[in-house]
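One chain, chain A, links the two complexes that follow: it is found with chain B in the first and with chain C in the second.
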Partner chain A sequence: MNPLASINLSTDLALVEARGKVRTLAEDLGAQAVAGTAVATIVSDVGRRAIKDDLPVTAELAIEAVEGRTIMQVRLSGVSALPEVEGLRSRFGIEAISSTAVDGGRPSVELRIPTSTPAARVDEAFLDRERARLIQRSPGQLLEEVQRQNVELSSLLEELRDTKNALALKARELETVNRELESFSYSVSHDLRAPLRAVDGFGLALLEDYDAALDETGKDYLRRIRAATARMARLIDDLLSLSRLTRDEMHVGRVDLSRLAEEIVAELREGEPGRNVDVTITPGLEAEADAALTRVVLVNLLGNAFKFTDKRDPARIAFGAETVDGRLWYCVEDNGAGFDMTYADKLFGAFQRLHTTDEFDGTGIGLAIVQRAIHRQGGEVRAWGEIGTGAKISFCLASPRIGG
Partner chain B sequence: MSGDIILLVEDNPDDVELTLRAFRKNNMRGEIVVVRDGAEALDYLFAEGAYADRNPMDRPALVLLDLKLPKLSGHEVLRRIRSDERTALLPVVVLTSSREDADLIESYSGGANSYVRKPVDFNEFIEAVRQVGVYWLALNEQPPR
Partner chain C sequence: MHMYTLRDVLVVALPPAVYDHAVQDLQTDILTQIAETSAAVLIIDVAPVDLIDRFFAQTMLDLCKMAALLGAHPIITGIDSPTAAVLATFGLDMPDLDLVGSVSDALAQLGVTNTEPIPRG
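Up next, the complex of A and B:
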C-alpha cells in the first residue's frame, strides 16, 4: 500500500483533517456519498477514542485496482476491532479486514470502499492530482482557511452592526418624521381653518350689513370669495383624510366586499333618489384586508362611478372580480364619462383632475386616496377608460409575495 | 335666562368677533365674557388675578372653550375646571377647528360636555352656535349651583 495521505489521529484538528480527506477522496472517486460520510464518521469516532485513551492511531488513505474497478482504502493502524463496521457491508458494500499485529507492529483494520472510477483512469497523474487535493485538507491549509473565514466573518459582523445601527437611526428618524407629520396635520386642521372662517364670515357680514353700499359686481366678487373659501375648506379636509389614511393603524381581517358595496350603493342611491342607476354586484366577494381602508376604497370608486354616470339613463355600474396573471382583481366599472388613457398616469395624483369643476364637482383627491389605501395594504390599482364610453378601475389587495 | 353669563375662551380676535356676531344673529340673550387665554379663563372662573374682585359664586352658565390657546391649552383649562369642586359640574363645550381624534378623545376623557367643530362656512357656524345656545342655555337643566 502506497498511501496518498497519512494522518496521526492525535489532536482534534487531525480528526477534522482526516474526516475532510476521507470525504474528499470518496467524492473524487465517485463512492456513494453516504458511504463516504459513514467512513469519515467511523474515522473520527475511532480518533476521538484514541485521543481519550491516549493511544496512537493512524489513518492511511490509498487506492487499489480490483477487477477493473477502483477500491478506496482507509487503514486504521493501532485498532484491533471496530464495532462500527457491523452492517457497513450490507448497506454500502464496504469491507472491513482486520489484521493482527505482525513483527511487533500494530494491529489494524482496513476499510475497503467500492467506487465508480474505472481502474484504467487511475494513472500517476491521477494520483498526483489526488495527493495535491488531499494536501489542501492538511492542518496548515485548514488553519489558513479557518483564519480567512474568521476575518470574513468578523467583517460581516461589523457590517451587520453598522446595518443595525443605521436601521435604529432610520427608525428614530421615522418616528420624528411621523411626529412632525402629526403636528403638521394638526396645524393644517386647526390653523388653516381659522383664517378661512374669518374670510367667509366677514365676507358674509359685508353682504348682509352693507347690502346697500355694494353694487351687483361687488356682491358677485364677495360671493366668489365665499365660494373659493368653501372650496379651500374642502381641499384642507381632503388633504387631512389623505394623511390620516397613512397614519391610522391597520387591522387586517376578513372583509365582505360584496356586502360593503351593497351598503355603499344604498347610501349613494339615497343621496340621488331621482336617478336611474342599474347596479350589478357579484355576491360573495371577500378579502383579507383592513375594513376601514377597504371601505374608503369602495366609497370613492363607487362614488366616482355614480358621479361620472350622472348624464346616463340608465347609468350602469358593476362591482365584480376577475383573475389576471394569477391574481384576483376586484373591479368597479361604469358607462359614464370615462377618460382619455393618455392621462391615465395623472389619474391617481392628489388634486389631479381630468374634468373641469363645471362638468363634475370634486377636488381630485378621490383616486389618490384609493391608491394610497390600496398600496398601504400591499395591493395595486389600475385604471382603464375611454371618453364617452366609461371607466374601469381594478385593484388587488395583497401582493402574491406577502403570505403567498 | 337673562342673567346668564357665557364665558368664551378664544384667542383669535376674528373668531371672537364672528362668535359674537353669531350670538347677535341668533338673538341670544345674556352676557358674553371673552377671555383671551387659558390662564385668564381660570382667573375669571376662580376670581383671581385681574378678576380678584369678582364674586366667584357668580359662575357662568356655559363655557365655550377653544383648544389651541396661549399659555394654558384648552385641555389643561378643562382639567383644572373639572378638578376644582367649585366648577366640577360647569357645562363646558369645546368649540374648536380641530377634528383630530386625539383632541376628541382628550376632550371627552377630560370631562367636556360637548365637542363642536367650528365650520368654515359662516352660515353653518351661526347654526352651530344657535344650536349650542338653545341646547345648553334653554333646553338643558343646569346642575345645581
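Up next, the complex of A and C:
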C-alpha cells in the first residue's frame, strides 16, 4: 500500500482533516456519496475513541486497481475491530478486512470502497493530482485561519487592556475628587457652624439685653435673623449627614423593613398627635441591606409622606412592595400634595425644592439623602407624582455583594 | 455557533466542526438560552457541520431530549441524504424527532415568516 495521505488521529483537528480527505477522495474517485459519508463517519468514530483512550491510530488513504476497477482503501492502523456498524457491506458495498498484528506490527482494519473510476485512468499523473488535492485539505489552511483569528483576538485583548487601564485611572481620579469633595463639604459645614452660632448668640443677646432700646420692628428683624440662622443650621446638619452617608462603612444584613416602617410611623405620629393619618404597612417585607442606611431612607420617605399630607383628612400613607421587571421594589405612597412629573428629575438633587418653605417645611435634601443611601447599596429609586393627588417613591436594593 | 430568536423559536446554527471538549459547552449554552428566552421551539441547523458522526448525532439527540424537558419542541434541520442514510443504517435511533430540510422550511411550517435574511454563522 502506497498511501496518498496518512493522518495520525491524535487531535480534534486531525479528525476534521481525516474526514475531509476521505470524502474528497471518495468524491474524486466517483464512489457513492453514502459510501464516502459512511467511511468518513467510521473514521471519525474510531478517531474520537482513539483520542479519548489516548491510543495511537493512523488513517491511511490509498488506491488499488482490482479487475479493471479502482478500489479506494482506508486503512486504520492500531485498530483491531471496528465499532458495531450495520449494513456496511450490504447497504454500501464496503468491505472491512481486519488484520492481526504481524511481526510486532500493529493490528489494522482496512475499509475497501468500490468506485466508478476505471483502473486504466489511474496513472502517476492522476495520483500526483490526488495527492495535491488531499494536501489542500490539510490542517495547514485551518491553522492559518486559527492564527489569523489569534492575531485578531490578541489585538482585541490589547484594546480591552488599554480600556481597562484607562477606566481604572479614571476611577482612581474620580475617587480622589470625590474624597476631596466630601472632606471639603464636611469641613465647610463644620467651619460654617461657628460663625452661625455667633450670629445667633449675639442676636439672642441683643434681644435679651437691649430689649428696651429696640422697637417692635427692630425686634422682629432680630427674630427673623435668628429664624434664618436656625434654618441654616438645619441645612448644615443635613449636609453633614449627607456626607456621612458616603463615608460610614456599610454593614449588610437582614433588615425587617415592615417593622422599621412601623417604628418610624409611631415616632412620626408622636410628633403630630392631632393628625388623622391612615397608614397601611405590608407585613413581612425584608431585605438584605445596611440597617442604618435603610433607616435613613424610610425616615425620609415616610417623613415626607407625613409632611406632604398635612392638609389631608384623612391622610393616607402606604408602605408596600411590588415586582417590576423581575426586581422587588419597595414603595411609599401618599395622597398628599404630589408634584409635577415635569420636575421629577430635580426631585433627587440636593437642596432642590418643588414647594416653598411656606407651604411645606424642609431643606430640600431629604430625597438627595434617600437617593445616595440607595445608590450606595447598589439600588435604584424612582418617583411618580401628580399635583394634588399624591406621590409614590419606589426603591429597590441590590444584592449584598455590592459594596460601598 | 450562532443563535437567534424569532418570536418563540430559538434557531441555533452549529459551527462547521464541533470538537469533543466543546460539546458540553455547546449543550449548556443552548439550554441556557432556551431557559432565558422561554423558547417553545428549538431549531438546530446542522447544515454547516462538516460531518455528523455517530458521537455527534448522539450528542444532538441528547440535546433534543433535554430541550424537550425544558419545554422546547426540538427540530433538526440540514441533514443531507447521505448522512441520513448512513446514520439510519448504522442503527442510530431517532425516535419522534422532527427532521426538516432547512431552517426556512422549518420556520415556514411553524408559520413564522421572517423578511430578514436568515443569518448563518
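Just a few scattered comments:
In this text, the second predicted complex is superposed on the first by the 209 of 404 C-alpha atoms of A that agree within 3 Å, B and C clash if a C-alpha of one lies under 4 Å from a C-alpha of the other, contacts with A are read in each partner's own complex, and residues count from 1 in each chain.
We adopt the following convention: a residue touches a chain if its C-beta (ideal position, glycine included) is under 8 Å from a C-beta of that chain, and two chains touch if they have at least 3 such contacts.
Computed from a prediction, not measured in an experiment: that's the story for all the values here.
By the touch criterion defined above, A:193 reaches chain B but does not reach chain C.
In the superposed model, A:158 lies in contact with neither chain B nor chain C. By the touch criterion defined above, A:23 lies against chain C but remains apart from chain B after alignment on the C-alpha atoms of chain A. Contact with chain B, but none with chain C, is seen for A:185 once the two complexes are overlaid on the shared chain.
Shared-chain residue A:91: touches chain C; no touch with chain B. In the superposition on chain A, A:37 makes contact with chain C only, not with chain B.
With both structures placed on the common chain, the touch criterion links A:230 to chain B but leaves chain C unconnected.
Every residue of chain C that touches chain A in the complex is listed here, in rising order: 17, 19-21, 50-55, 81-83, 85-87, 89-91. Interface residues of chain A facing chain C in the complex, by the touch rule stated above, are 12, 16, 19-20, 23, 33-34, 36-38, 40-41, 44-45, 48, 51-52, 83-87, 91-92. The touching residues of chain B, when paired with chain A in their complex, are 12, 14-15, 17-18, 21, 67-68, 96-100, 118-123, 125. Residue ranges of chain A in contact with chain B, taken from their complex: 185-186, 189-191, 193-198, 200-205, 229-230, 233, 240.
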